[in-house]
Amino acid sequence: MSMFPLSGSLSRRLANWARVRSPWVSVFNTGSCNACDIEVIATLMPRFDAERFGILAKGSPRHADILIVTGPVTTKQESRLRRIWEQMPEPKYVIAMGACGASGGVFQGLYHVMDGVESVIPVDVFVAGCPPRPDEIINAVVACLMLMKEDLDRGGKEWRRKPVERPATGTAPQEPGKVPA
Amino acid sequence: MEPLLLGIYILLFPGFLFLFAYAFLLQYLDRKIAARMQQRVGPPLLQPFADFIKMLGKEVIDPAGVDRKAFDAAPVVALAAAMTAYLYIPIVGGSPFAFQGDLVLVLYLLTLPTIALFLLGWLSRNVFSSVGGVRAVTMLFIYEVPFFLALLMPALMAGSWSISEIALWQQEHGWFALLQPIGFVVGLIGLQAKLERQPFDIPEAETEIVAGPWTELTGRRLALMHLTMQVMLVAGSGLIAALFLGGPLLPWNISPAWLATIAGFLMFLGKTLVILVILASLKVATGRIRIDQLNDIGWKYLASATILQVGIVLLMDYIRVGT
Amino acid sequence: MPEVILPIGPQHPALKEPVNFRVIVDGETIVGLELDVSYTHRGIEKAAEQRDFIRVVPLLERVCGICSHAHAQAFCTGIEEIMQLEVPPRAQYLRTIVAELERMHSHILWLGVAAHVVGFNTLFMWTWRDRETTQDILEEMTGNRMNYGMNEVGGVRRDLSPGQIRSILSRLPKLEEQIGKYVEMVKGEETMLLRFRGIGKLSKAEALRYGTVGPTARASGVDYDVRRDDPSIAYPEVPWKVVTDTNGDVYGRTLVRIGELQESLGIIRYCLEHLPEGQIYVPAPKVAPKAEILSRYEAPRGELAHFIRTNGTDKVDRIDIRTPTLANWTSVTVSLVNQNIADIPVIVAAIDPCLSCTSRITILSERGRRRGEMSWAQLVDHGQRFYREGGRS
Amino acid sequence: MTGLLGLEEVKSALERFGTVEQVRFNRIKLATTPEKVHEALFRAQTLLACDHLIQISALDNGQNFELIYHLTGPHRTVISIAIALPRDRPEMPTTSDILPPAGIYERQIYDLLGIVFTGHPNLKRIILSEDWPENEFPLRKDWKPRPRIPSGGTREEGK
């Protein structure tokens, strides 16, 4: 690339263009109630047809650009989720599905649950809903692509880093005897 | 041919540049036709190209304990084999590389990607990949015999082992698709199996083994393997078009020569597209069969149909020689 | 929290259901099966003890996203009985409509997944396309495509207007036509018959002995349906019949499910046409008296049991949920024993459980009792090899 | 489907094990002791044609553990056989030999309440995570959730 400065920028622009047009997703269930998973399948079906946007569901996390995580992350799935995330090639993005993926939802604070995907791996996009509708899922993937574009323009994910460190919910000690609802 | 012209032929048109563009177009049409038949909208035009570029830009991960060099080399070998095979397919008139026996060479080159896939699966050290690789090779043994026999029949009848000459022969005597309908059908089914498309996507059956030999491939390896399969689609349908549908040659003579060239090229496009539509419909209308069922179909029906075709061809030859 | 065990649902390759089962095999023959459901254990039963009756209903709906109404309903009818609430008939009819719609969407979904398991993708696409009709109706009625939030203690939350009723009724014939096509397809399609007939056979005695419920039991001729045998909500007033079959194999279970689709359609139509006027809700007291109850309901996958004990406060003292898959699992364990491992995928799929591609088999070879593991992939592959070598097909 | 069982019928079969009472129009409850459960279940199966085990409900009422076996049959009457186990020695014989479905329910109860079923062929963990501490049973009333020990998230370097 350095030999041809012009072609370097051209090839980078081409790569960036391709990246936002070809989001391949992989779905991982970390203890959800299945509703989110069913809705993800529904996006691939004739009614919603996610392939219009180049979205393809891939079985292997190695092929995926975007990992869709459903469920509040049970303690047993925690290590497995991290392993899946590590298996994905860079650049990789994570979408946390639904209320459970964002915060644990109705399962927040239960003893076998990690309270959301972000306590385990970094999340780029959260989708609201319980479960999110298929069109919202497609919308989230598209939002993730916009974010990807922004990242590419700014040269990385650094700009999104929060200035203040928030306390990690996963480590917050719970009041003994009381399960937060 | 002059070296310059030859270079243009290999690199630009109708060589590799055209090949890649056409491969992406066929891939797009394939997905679009499938989507329309399933009442979906389907992908945008540049989707296969975007997929390819994106995969090139992704991180390459070496699974633990793999032989990195072999892992890098296998997709390159596969792609090189498929591209070389393509050069012997007549696209605008006969191929400049044509020689007696290039048919056998092309068939051999088209087998290499499957072997590469098996190697990749074997090297991955992942159960899904190994199972997929073994399945790919098992399938190869099943469909390869009828496929070869079916594709060699035109050579037998035309009395030449050169694809371009076989295409030329049809200009005078009529298409082999009409003379050898059984061979044509077997050739199409064999091509479908070779490309590992439904109902023969057994090695990469997503419900069963994630992505088979593809599971551990990332970045440019994945991109090259995908491109290989797409190039195989072009080369394979071009081969069938040349052997059974008269290739780029018209049944009558056109002058001047440049007009004939353009017409021939359009013929090539049209015929490969027809073959693609047939293959895509087959893909949509069927589910995946089990490898034991493929075994049944392959040996019981395909093989015996091809042997019947061989008998007919020999009989026709005998009658013709006799008269 | 402990507990709740299984959010049971259909599985799809693209969503790897996190349930692990181990099959113990002696050479070719299965000697045991082991289940690990801990991947999705969240601890709902413990949490339910800490939330009042209003807040516990949404929690119980999320035991399983596919039979969410069944869980909420079993709980609400139980608490209503403890409180001795007289729920208005209109609410009961609305509950019945949602429950049967849920059964339809679950059975259609299962049919698609079963077709997918045997590689018949056309049916898979078709069923999911038609399933959107039931999802549309549910969304119109309740405001959500899944996890409807329709139930509460004392009645339902949303009413139906006459316009909505007309609109729903007008969409049912199309659905009925499609279900008719499924019947033809399942009875006529050779590849499906080949993979379904005679596989996973359970005799009536075995079905009873191993405590099967739902379509699995009814396909073996066990005439057991909680909707009729322990009637609740509007079922006693609606004309319908329990679908049973005598085949006892996967084919029979498919026929039972399709038959239930048709019955459900009839129930929905009857309820819509005979929807009583009146309130949809009675205010419920905050606290329930000290009591215990076993509340049962026929979820799409079979009998669902909620054992509820209250202690005179606004929370339950204990809720013990027994999901249908747990009840059916013993029969899978047993019907697989002495079978060839080639038949595992279809048999397991037939009870409509979750199964995962990551599941493994422990192989005990006859000589040396060597232990090895086999992945789902190898298992499928083995199945194919078995059939190729002339096993049965 | 035959008619519901009468209280007298059930009493004649099960009265010898403890008190029998009608708790709902279709539910009859027997209170008995752990050592008699096996026999009571067997009699319910043979004399009352109870061929289906609905559920084994397990709960901790603060003083004791309670187990309730809910059975039913073609008569569609639910027979509930209830027992209480002392907290300090929660042990009882398994019933999976006469009721095969009980096996999986007993494993679940063992995992969550810590009741040991002696003679169970495969009493192993089924529900809780494999790194769950031994001797902690979340459904016991005196169990309190402990602060979670994070096993290393990536929150810091993430965003």
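The first chain written gets the first letter, and so on, giving A, B, C and D; residue counts start at 1 in each chain.
Keep this in mind: contacts are C-beta pairs under 8 Å (C-beta built on N, C-alpha and C of every residue); 3 or more make two chains touch, one makes a residue touch a chain.
Note that the coordinates shown come from a computational prediction; the quantities given were computed from them, not determined experimentally.
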Subunit D reached from subunit B - shortest hop count over touching chains: 2
Top-ranked pair of chains - ranking by C-beta pairs in contact: A-C
Euclidean distance of C-alpha centroids - subunit A vs subunit B, Å: 37
Distance between chain centroids, defined by C-alpha means - subunit A, subunit D (Å): 41
Centre distance in Å when subunit B and subunit C are each reduced to the mean of their C-alpha atoms: 45
Rounded Å distance between subunit C and subunit D, as computed from the means of their C-alpha atoms: 23
Multi-chain contact residues (two or more partners), subunit A: 46, 59, 74, 76, 111-112, 179
Interface hub residues of subunit B, defined as touching at least two other chains: 38-39, 128, 206, 210
Residue list for subunit D, restricted to those that touch at least two other chains: 128-130, 138
Residues of subunit C that touch subunit A when the two form their complex: 1-2, 7-10, 12-18, 38-44, 46-47, 50-51, 55, 58-59, 62-66, 68, 109, 125, 128-129, 132, 135, 144-147, 354, 357
Touch list for subunit A against partner subunit D, complex: 74-76, 78-79, 82, 111-112, 114, 118-124, 157, 160-162, 165, 168, 170-174, 176-177, 179
Interfacial residue positions of subunit A with respect to subunit C in the complex: 27-42, 44-47, 57, 59, 70-72, 74, 76-77, 80, 100, 105-107, 109-113, 130-131, 133, 178-179, 181
Partner subunit C, residues of subunit D touching it in the complex: 1, 23-24, 26-27, 51-55, 57-61, 68, 70, 76, 78, 80, 99-101, 103-105, 108, 111-112, 122, 125-130, 138-139
Contacting residues of subunit A [partner subunit B, same complex]: 14-15, 17-19, 21-22, 24, 46, 49, 51-52, 54, 58-60, 62-63, 65, 87, 89-91
